[in-house]
Amino acid sequence: MSTSQTVIVLLRRELLLAMRRRGDVLTVLFFFVIVASLFPLGVGPDPKLLRLMGGGVVWVSALLAAMLSLGRMFASDHADGTLEQLVLTPTPPVVWITGKILAHWLVSGVPLILVAPVLGVQFGLSGEALGVLVFSLLLGTPVLSLIGAIGAALTLGLRGGGVLVSLLVLPLYIPVLIFGAGAVDGAMSGLGAEAHLSLLGGILILAFMLTPWAVSAALRISIE
Amino acid sequence: MINRFNKYRYASPATFYHFAGRLIPWFYGAAALFCVAGLYIGLFLAPTDFQQSEAYRIIFIHVPAAWMSMFIYVVMACWAALGLAFNTRMSFMMASALAPTGAMLTFVSLWTGALWGKPTWGAWWVWDARLTSELILFFLYLGFMALQSAIDDPRRADRAGALIALVGVVNVPIIYFSVRWWNTLHQGASVSMTKAPSMASIMLVGMLVMALAAWMYTIAAALSRARCIILERERNAQWVAQMLEADA
Amino acid sequence: MLEGKDLACVRGERTLFTHLNFTLREGELLLVQGANGSGKTSLLRMVCGLMAPESGEVLWRGEKIGAARESYHAEMAYFGHSPAVKEDLSAFENLDFACRLAGIPVKREEVKGALGHLGLGHCLNLPAKSLSQGQRRRVALSRLLLAKARLWILDEPLTALDQAALKLVQSLLGEHLRQGGMAVLTTHQPVMIPGIAPKILDLSA
Amino acid sequence: MNWNSWPEFFYMGGYALYVWGSFAVTAILVAGEIVMLRLHRKKALELALNTVKYGKVKNDENEA
């Protein structure tokens, strides 16, 4: 069975499972919107200030929302034993791990990208900045799923795993946050966001190449 | 049958345990010696800096601590890589033994950085590229130690810690680059520690001696913590029983 | 041919077993016995490659399973403590996805047949969370049927099964072994399969 | 020599708080770590002694 077929089959299974538990997808989305709306309440309604903060706030909220749903990536399979069966399939683990991460991104990353413009408008971002925001999220959220998968795999089955994942993964998210929020800031201040977006793209390629191997090693360690 | 097997497998921790036991006093001694020499140079020989007068003397603690915090993380990652590659439990124990000392030195460099920033730039915390990266490095240390303490099975704790240390060390340059990029963009580098006071040679010597002191101290602390970890892990082993009877 | 050479296992700080050797050829059944905590489950997980032995190796057709990972896993089926069934999927969907992911092309009728064989023909499209523990184990057992693997590694397959299912499993096992298959089994109930003399491996010795 | 008297040395050109603040905290942390190491060693020795004397009682219950 070629590798692409395995990934497609796994994607179908993951999306079917996500559809059966639509609640989980929505909770991530609601969390994203709520966190982003908290900042104006905390900082005050001054439009000029909010416009400056807009990109950063949306990015931080997206980062926290993506991290919230990391636990689901392997934990439910580990609990009911299907993860062991996946490890014992003939296909190389890197293949189905990439499938799993892609499925996690589709379920928790893409909804954030779709909702982000609405929040951007709420913060008074202009048309061009909104476009850069969406594009930076498009490049950034897969990296959040990729790096997050390492944290999820390492903390499999640990009590208090949720908090631990955030401690492990947040420092590694910082470059993505800097370049993502920086892109929006660059677009708004007229400096142009090409540099940030290309660096973000670079990190995406690097993460796509390296993290599945790290996740495979982490799973082998955690399943023993 | 079990005992013969243990003797073979536990040979290396046993020899390391006694070998380290003899070395530790020497390293503590060397650390104290270098520290006294370094402080003497830093506080008595080094001239007053015309810009910052006496406040700059904090660099004799801040800079060596910052160097060491980065150096220890890299050494930790090396032990981790060795452990994963050759499946040697001793390497994992060394990595776990280094982490707390590295975290402590990172905190020292953050604390002294803040105390140095206040008189020099008027703010306790300066979002300078190096200080911010140091703060992130502190989080990486905390993540390593939190992960290791959250896992009960020593074998899994070692390997999981080793992996996060390796992932961390790959990310440290990326983080450092992105923070510098972020710092230069937002503040135009007006307030930044990169313009350290002009390095009179005596100051550099002082810092190098203090760095040596920190290095000796780290080795001593890590070796003694490693011995504790060995004792806890190998308490079922034959050589521990013999050693304790010999002492009793 | 499956072989275990000088295997050792350490759990936490305790050494469960050392210098363990066994061989298994076509048509043979290996019964792993021992008290609770003697490492039966760990040995099985080691044999199927989920867990690395502290020392020693597991060989499949003379090759280390680490090296021959893909070919070994293509010919092996593992049945662990948990029945590996997703609760949100129906029995049919569980089996269909499990076989496709394991690289076994399988048609609808075959899946229906396997489930029917195990007495689950009526609850094909029921979500698995509504099945009892015994029924879920039957879904896992029918996965064994579909997998057509040469080597079965079963960790206490007979628990939570009623009498009818027990006899059914023993007949399936007998048929599998007569066709030249191999099986490694841990169980507390006695296993009587006509015409097969199981090799015993006792870990408490 | 920069200082002509000890009080001037401790005054540190008006930055006593900052300089001595950082030196003192560093000394406290280093001393603290050494004390922690001593305690850790004592606990480890007790644990080992307990295991050797009373045998491996604690380990036998947990399931393989």
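Per-chain residue numbering starts at 1, and chain names A, B, C and D are given in the order in which the chains are listed.
Everything that follows uses one rule, which is that a contact is a pair of C-beta atoms (placed from the backbone, for glycine too) under 8 Å apart; a residue touches a chain by one contact, two chains touch by 3 or more.
None of the values given here were measured: they were computed from a predicted structure.
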Most remote chain w.r.t. Chain D, using mean C-alpha positions, is C
Between B-C and A-B, the pair with more C-beta contacts:
A-B
Chain C and chain D have mean C-alpha positions lying a whole-number Å distance apart equal to 52
As a quick test, compute the distance in whole Å between the mean CA positions of chain A and chain D.
40
How many Å are there between the centre of chain A and the centre of chain B, using C-alpha atoms for each centre?
32
Using the average of all C-alpha atoms in each chain as its centre, how far is it in Å between chain B and chain C?
47
Could you list the positions in chain A whose residues touch two or more of the other chains?
224
Indicate the residues of chain C shared as contacts by at least two other chains.
11-14
Could you pull out the residues of chain B that touch at least 2 other chains?
155, 235-236
Once bound in the complex, which stretches of chain B touch chain D?
43-44, 46-48, 53-55, 57-58, 61-62, 65, 100-101, 104, 107-108, 111-112, 115-116, 118-119, 217, 221, 224-225, 227-229, 231-232, 235-236, 240-241, 244-245
Within their complex, state which residues of chain B touch chain A.
84, 136, 139-140, 142-143, 146-147, 150-151, 155-156, 159-160, 163-164, 166-168, 170-171, 174-175, 177-179, 181-182, 185
In the complex of these two chains, what residues of chain D are touching chain B?
1-3, 9, 12-15, 18-19, 21-23, 25-26, 29-30, 33-34, 37, 40-41, 43-45, 47-49, 51-52, 56, 59
Mind listing the chain C positions that touch chain A in their complex?
45, 48-52, 69-71, 73-74, 76, 78, 80-89, 93, 97-98, 100-103, 105
Which residues of chain C touch chain B in the complex?
8, 10-15, 18-19, 55
